[in-house]
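Below are two complexes that have chain A in common, paired first with chain B and then with chain C.
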Partner chain A sequence: MQKLIAARLLRAVATLFAVSVLTFFMVDLLPGDLGDILIPAEQQNDRAIVEQLREELGLNDPAFVRYGNWLKDAVTGDLGESAITRQPVSTLLSQRLPITLQLTLFAIGFALIFAVPLGIISAYRQGRFSDRAISGGLQLGLSIPNFVVGVFLIWFFAERLGWLPATGWTRLTESVSGNVKGVILPAVSLALVDMAVFSRLIRADMISTLQENYVLSAKAKGMSDRFILARHALRPSSLSLITVVGLNIGSLLGGTVVIEQLFAMGGIGRALIDAITKRDYVVIQGLTVFIATVYVFINMTVDFIYIAVDPRIRSGRT
Partner chain B sequence: MSEAAIIERVLESGSADRDEELLFASMSWGVRLAVGWMFIVIFLATFAAWIPFVRDPNYLFGLFEGYDNNAGPSRKFWLGTDSIARDNFARLVYGARVSLTVGSVAVACGLVVGGFLGSLVGFYRGKAEAITMALVDVVLAFPGLVLLLVMVSITQKRSLFVISLVVGLLSIPPYTRVARANALSVTNREYVEAARAIGTRPMRILVREVIPNVIPSLIAYALIAAAFIMVLEGSLAFLGLSVQPPTATWGQMIFQARSDMRLSVWPVVYPSAALVFTVLSLNIIGDWLRQRNATRSAAI
Partner chain C sequence: MPDSATAQGLRNEPLLVVEGLKTHFKLPLGMVKAVDGVDLTVDRGRTIGIVGESGSGKTVLARTIMRLNLGANVFTEGSVRYAGVDLLDVPNKKMREYWGAEMSMVFQDPMTSLNPVVRIGRQITEHLRHHLGLSKEEAKETALALLKEVRIPEAEARLSAYPHQLSGGMRQRVCIAIAIACGPRLLFADEPTTALDVTVQHQIMNVLAREQRERDMGMVLVTHDLGVVAGRTDDIAVMYAGKIVERASTKALFDDVKHPYTEALLRSIPRTSHLSHTRLAAIVGRPPDLINPPAGCSFSPRCAYAQDICFSEEPVLQEASPNHEFSCHFPVGSEPNREAFEKNVAKAMPQAVSIRRHEESLAQLGGEI
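Coming up: the complex of A and B.
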């Protein structure tokens, strides 16, 4: 088991290294560089000054030297600072992360709250009308892009009914109800697709579990359907659910980019879009590496949970 | 053709004829509707320029002919006009072009490059497999939209060609992963063993036995991946980072009409519905193909 964990850790570190290389050189390919931003416009025409400043900034070094310097700092948590606002990327992250995190957790929460009962009902009533209605609805839900959901939610709940705010995010410390109100619409927009994914997974898993002999024996012992569903049938499905929830938290980080923009919430996704439109190279690099790092860590954690939960993997039999 | 392959082919051709007959019958109504919708969208998008009732999507009917902005549906404008009095229906049809082009290029790149690469390393294994899959892991370590955003911002000019190219490039790794997984299981099947036993060369086994059996699962995956790509392109357009205006795209139409949503929701509904129906249709057809594949391979 230790060997397994070590191997997995090693792979995660290797992936992270490759991710940082890819990000660095991708951003390096962006037209223009720091020199265009940092050197004042009136000096841009003076070749000598430009060259001297570029030399000082290390912009004339070969790409791999610059990568080395960047990585050396990045490992210690210093992702550089924005060329435009002069704010360190790490500060930007600590300010923006809570918003994205809250949004993601609420989205996953909403998705699970609806997905579990829908999946159970669907599996229990397999092939009947309620199952077909739910499955059809989920298929549709799976096909509605989050920004389309968001646009219509804003239109209906914010503009027509005026129940919830269309934009902005309130700090939890300022107002608890304001904070929760502000996060409902964007979280629901993000949750719809995940809800469909989770629900379909639970249904498929439970249908196969319900055919197992131990479910039959539980029935024979006279246990109620409700008890069997909750105790015997749902539990085996939880492992694959953990995996998919984990993987979806990662991909939600990408999804929040659009939703944060739509709802004008200043999370990491919005910061990334801002950096891209302003060509703030250091920030793009830092944020992208951060997002990919989180993604890699979540995937690794999911694997660890597997190792911890599933005795077959733990003993290395599969 | 090797003997094993001939036997296989003979057995297959018998069932293939039956399949043709059953193809339509095996479709549920949902699948038939989905196929129908895709036919309509593909037809309109392909022949938009030659269809008389599809007008110029960028013609300003307000400026040149005095029609109203944001007009409701009429006999001339089936879906009304947008905020600068362009024909909504024409823009919807031309928007389908962008979605379909991006989707098809992604599928083509994924199937040809990713499919071949995945089958190759899944069949031969060894170091090449380890390296390829490590690279695939790296690319897939980024959320798709984030990588797409950064790559799109590298390109100066965001033409349809460039966007399709970027999306195509990004499509290769996931297809490689799917193709490899399928190639691994196909390689263990009896008919591959049989072909090996009668001394067929590995390259021939790959081309004649492995790849043809990887393709069905890959195509089912391709449809669902295409749906995902269309949503991705829509998100990009919605952020203003897809193909540059005035080219009509569904995502950008939604974004534009949103500002006038208080006046009328319909200009947002049309492109949203077009996008959702197309994604839904691809998902439905993909699911259907996957189920068919599952029952067929269970029957072999």
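Coming up: the complex of A and C.
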């Protein structure tokens, strides 16, 4: 058990290292560098000025030296600063992350709250009317792009009913209800597709779990169907769901550009797009490494949840 | 529990009376007649063995009686009276009061019939609490006592173990403990030892037999191995292609076999005395197609005594003696049977010739000893 956890931690550290190398050099491969944006266009032809600045910035050092310098700062949390706004990347993150984080958690939360019961009912009533109705409804949800859902929700709940704000994000510290109200519509827009995916996963796994002998044994003990579904079948049916939830949290934390744009919320996604359009290399690098790190941590968490859910993994049988 | 009928017990009626039971599965190819007209009686505190090859319908029979047939393509007919109540008429919800409490089942494979992600303790206590309304502590104490009863060492520690931490034999003991926990009056054991090592098989059978005796349960012991049930049942019903072809007290069946299929099963029991010297006489051919069973006697394509009448006319159950029934046109041990056999050997019918050889090798062995 402890060995298992240690092994997973070690793997996470190794992955992080690989990720940092990859992102650093991939951004490095992009055409142009800091020199191109920092030096005003009229001075670009003045070789002396250009060279002097490049030297000062360390842009002429070999790549691995630059990587070393960058990594040294990065592990202390210093991801450098924007060449354009002079804002440290860590400050940018601390402003944008709460928005994205909240959006992500709400979206995944909404998706799970509906997906799990729907998936269970679908599996339990496999092939019957309720299963077909649920599957049909979810199929519809799956095929509508999330910004279309967003536009509809804004029109209905913000403009027609006026219950919820159409755009903007309020800090939790300013107003709790304002904060929650602001996040509902964008989160629901994001949740719809995930809900369909999660529900299908649960349904498929549940259907195969329900064929298991131990489900029949539980039935032969006189336990109710509800009890069997909740206390015997759900846990073994949730492993692929856990993996996919992890992946989706990762991709949502990496930013949800369209929805952030639609609801005028400046999250990580917007920050990244801005940086890319302005070729703000330091910011691109910093954000990319951050997102990759998030993925690694989520994957590790997923592994730990697996261990908690299935005791067989704990004793190292799989 | 369910109804006063059980409580009063209808004293002189047997615990279980099955009549004309049919279980058919509808498949695109046609109806699978897995159980096709079975009559069966289990008295209180008695053990009946149901024996037959793989695919003869034993599991389907046991599950139909317990109403544990899952699936929408099932068609059931006949009656299953348990303590006076026809279970086939009992609504699903109500069956839960019977399952675990009145009747329960030990399944074939202890590796898969326990939930791998649930601790042993909860798997033994959940229905105790549900049926008997025990508190958590009471249920735990009962579970502990049960584990000791089925001879599980370090019972206390096992309560918090997961199934994969136990050996197959230990798991089957746990399954037995679970099945008897709420004091059922009828216990089904569906090939409870086939998945286990030979050495463990006897221990498990002993645990089952002791529990059956001490708790005075009616028991239906399903197996494909006549050797397993030999000393452990009061009666034996031999099943072939969804039908019972011979039924007798265990002693009568072993002493005076009537049905050729039973005889063939007996011949295939390994006997320790000459186990290493002769090959077992395997039954020639495959079990019949249950969708389109052969006309006449369903055993006819494999029977060493089959004559023309066997291929056209289905034999009905007839009595050999008051507690011994069989369905065959040429019962084993009769003169017509011997004549039929000689005719078939003369015709070089493979299954007849193979038996002749088997007999000869046994005789030779007897001569050497």
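Brief remarks follow.
Note that in this section the second predicted complex is superposed on the first by the 273 of 318 C-alpha atoms of A that agree within 3 Å, B and C clash if a C-alpha of one lies under 4 Å from a C-alpha of the other, contacts with A are read in each partner's own complex, and residues count from 1 in each chain.
The rule is simple: a residue touches a chain if its C-beta (ideal position, glycine included) is under 8 Å from a C-beta of that chain, and two chains touch if they have at least 3 such contacts.
Owing to the predicted nature of the structure, the values given are computational and were not obtained by experimental measurement.
Of the two partners chain B and chain C, more residues of chain A are touched by B. In the superposition on chain A, contact of A:L216 is made with chain C only, not with chain B. When the two complexes are overlaid on their common chain A, residue A:A292 makes contact with chain B while staying clear of chain C.
By the document's definition of touching, of the two partners only chain C reaches A:S224; chain B does not.
By the touch criterion defined above, A:I273 lies against chain B but remains apart from chain C after alignment on the C-alpha atoms of chain A.
Look at A:H232: by the touch rule set out above, it reaches chain C but stays clear of chain B. Looking at the complex, you find that chain A touches chain C at residues 212-214, 216-224, 227, 231-232, 235-236, 309-312, 315, 317. For chain B in complex with chain A, the residues that touch the partner chain are 30, 134-135, 137-139, 141-146, 149-151, 153-154, 156, 227, 231, 234-235, 238-239, 241, 251, 254, 258, 261-262, 265, 268, 272, 275-276, 279-280, 283-284, 287. Interface residues of chain A facing chain B in the complex, by the touch rule stated above, are 14-16, 18-19, 22-23, 26-27, 29-31, 136, 139-140, 142-148, 151-152, 155, 159, 250-251, 253-255, 257-258, 261-262, 272-273, 276, 279, 284, 288, 291-292, 295-296, 299. Residues 66, 68, 70, 96-101, 104-105, 107, 109, 112-118, 126-127, 130-131, 162, 164-165, 175, 178, 182 of chain C touch chain A in their complex.
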